[in-house]
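There are two complexes below, and they share chain A, which is joined by chain B in the first and by chain C in the second.
On to the complex of A and B.
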């Protein structure tokens, strides 16, 4: 009979499922953050500058999504959309749910940032003949980004953490892979700690990146 | 050139139930320097802001070189012009604001060149050369790479004026450009405005600087409760106001 394997040997044996899980977690988070940021920026624009009717629609959407637990969004996206005839894989449904969740947060953050820019900025841009899109791209957007960056980084970190919820619909992200490894090795404490460390590493990287961008965009 | 550069006819503007402009008529010839004075709430700033459509207005017309600004009337129906068209028309005028409104994330030079590149479609080199020329003109070429936060209020306002004037507008609008400045910084800004006036730039100035209005303007307009109360040559108007209101207003204003 072989001597019992050490933890490091077990980690080595489980390296592929764990790395695959980590990759999936990063992929889910990245897709949701990118999709949610694009959608959320548009939402923020509508919430700030839209007509009364479009503002109302956007407000309804953000409040509804923000008032719903992420887990409910994930389950709804997987089960309800399936019933409604939209056949998404677990991965697709999960990414969709997180994107929607992310967009509502980014929408609010964007609105807050745009509204806190002094209105003279938009007027000065208009006065030299800039169109709205030019003004947003060169004057309002960069200033809003700087104001919103800390909150955006926070949202990105939240998305990575929320990606663990996709394990309930069977997406083989890091948490689910870890649980599978634990069910074979029975070393729950060690592998949960390892997973915790990996999540921390991803989020720490995001925060460092955020700090870097903040420094780069801060006023001289 | 013949005709008027700016023609305002029957201008009406209301905020909700409050009518701030109650029918303003005003013609401005090329090269005129007009000071608009009056107590706060008289509508002078609002009138200025209607000229470049920073304020919408409900009645009347504004024309620059005969072109109707902001709205088109066809078949008795008055419509706001499309956003792109309004953006183009705004570039016919330049504006300097009480709060300067420089873009804080851009250097002095970038503030001046932004419109040149985006609106005038100039190349980088062209826009920089012109930007530097105008910064030099307001005495701030050496500060071209400074951000607004590193400039004094007077310097910021001079950059803001350079940013507006570099676009070669047909008409300059100055909205209380010295009101937010410390007293010792007022002179440097007025000096720039005066030199533009000397160059023959057509301008409308909303101002509380009575001495300056007196010395620089070819005409003074006194706004009173949403209407033009009195207008004319500053020397005549200040020496012998025709209306009670202007007499009172002048008495309460400081000349320094």
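On to the complex of A and C.
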């Protein structure tokens, strides 16, 4: 009989599944964060500057999505959309659910940031003849970004963590890959710790990136 | 476990919502026309459905699905596995995401109201795993020792009751994960581990000469594949494939798989009068 493999040997043997899992986790998170940020920024603009009717619609969407557990969104986009005729793969359904969830959070963060900018700023921009898009690009946007950044980073980190829920519908992200390795090696504690470390590494990278952007955009 | 309840609740809602869909009754033709069988199973439970070191899905459930694929196409490889969690077994059938599910699914009356079970392909039970050359030789020795034996079991509301069905006086230690049971046994903190007999069979096979089965099983449950309701032809077909794997032309494939995952040889069915009418 072979001597029992050490943990580092087991990790080495499992390197590809775990790396693919990590890659899938990063891909899901990136897609959801990018999609959610684009959608959410638009949502925030509507929530702040939209007409009464569009504000109402955006508010309904935001409150409904924010009030629903992510897991329910994931299951709904996989099963209910499937029954409704939109047959998404598990990966697509998962990314869609996280994007929608992310957008509702970014929408609220954007609205909060825009509303905390003094009214005079927008009025001054208008007074010197800037169009709305110009004033957003050069006056309101940069200030809002500075205000919103900590909350945005927080949302991004939440998305990475929420991506673990996709294992329920069979997306082979890092958590599911880790569980697969555990079922072969019977070393749950060690491999969960390793997965925890990898999640931390991803989130730490996001946090550093956030700090970098914060420095670049700060006034000082 | 709030999360579990959410899943179960939503799954139930989806199952009801999709009940309308189940009417299409030509699954066999659909599968043959498609040229491959779509089977739902998991990837995190040895020896049923799990990945080997090169990331290939394997296990007894996987082999059973391949036997059905062979009956369809004469080719065990014409099967696509959909990775699903245990909670997704019934919804993935009722929403038509899979043609059938083979995922160590215990047959219960409640589930049989939602899906059609095939004939069972394994009878699971709880057993006791002991260390080879340890203080206690088998189940009888453990029982005779009364309250001085400690049994490791997976944490569960019914865990203590379950162990006491076989060993009424034993001390029960509950653990969070399967590997912790084995560690407790290995380190001597427990005298035996009570767990599924299939898990014991697999672990004993994986660690030759170190562990053994206590030779007593209790708490029986049937494992069967499941298909959508409303298509008797498809159910009959899968049943026929499974039946002939256990008693007829595909017995060798079934027995080889059984040997591989559970470490035991099966006696071939008696020739002559059909075994099932004995």
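Please note the rule applied: the second predicted complex is superposed on the first by the 220 of 220 C-alpha atoms of A that agree within 3 Å, B and C clash if a C-alpha of one lies under 4 Å from a C-alpha of the other, contacts with A are read in each partner's own complex, and residues count from 1 in each chain.
We take it that contacts are C-beta pairs under 8 Å (C-beta built on N, C-alpha and C of every residue); 3 or more make two chains touch, one makes a residue touch a chain.
Please read all numbers here as calculations on a predicted model, not as lab measurements.
By the document's definition of touching, neither partner reaches A:55: not chain B, not chain C. Of the two partner chains placed by the overlay, only chain B lies in contact with A:123; chain C stays clear of it.
No residue of chain A touches both chain B in one complex and chain C in the other.
For chain A in complex with chain B, the residues that touch the partner chain are 118, 120-121, 123-132, 134, 138-139, 142-143, 146, 217, 219-220.
Against chain A, the residues of chain B that register as touching in their complex are 52-54, 83-84, 87-88, 90-91, 93-95, 97, 99, 101-105, 114-115, 118-119, 147, 149-150, 160, 163-164, 167. Across the complex, chain C is touched by residues 1, 13-14, 16-17, 69, 71-72, 75-76, 79-80, 82-83, 90, 167-170, 172, 176, 179-184, 186-189 of chain A.
Note for the complex: chain C touches chain A at residues 3, 6-7, 10-11, 14, 17-18, 21, 43-46, 50-53, 55, 82-85, 87-88, 91, 95, 97, 177-180, 182, 203, 207-209.
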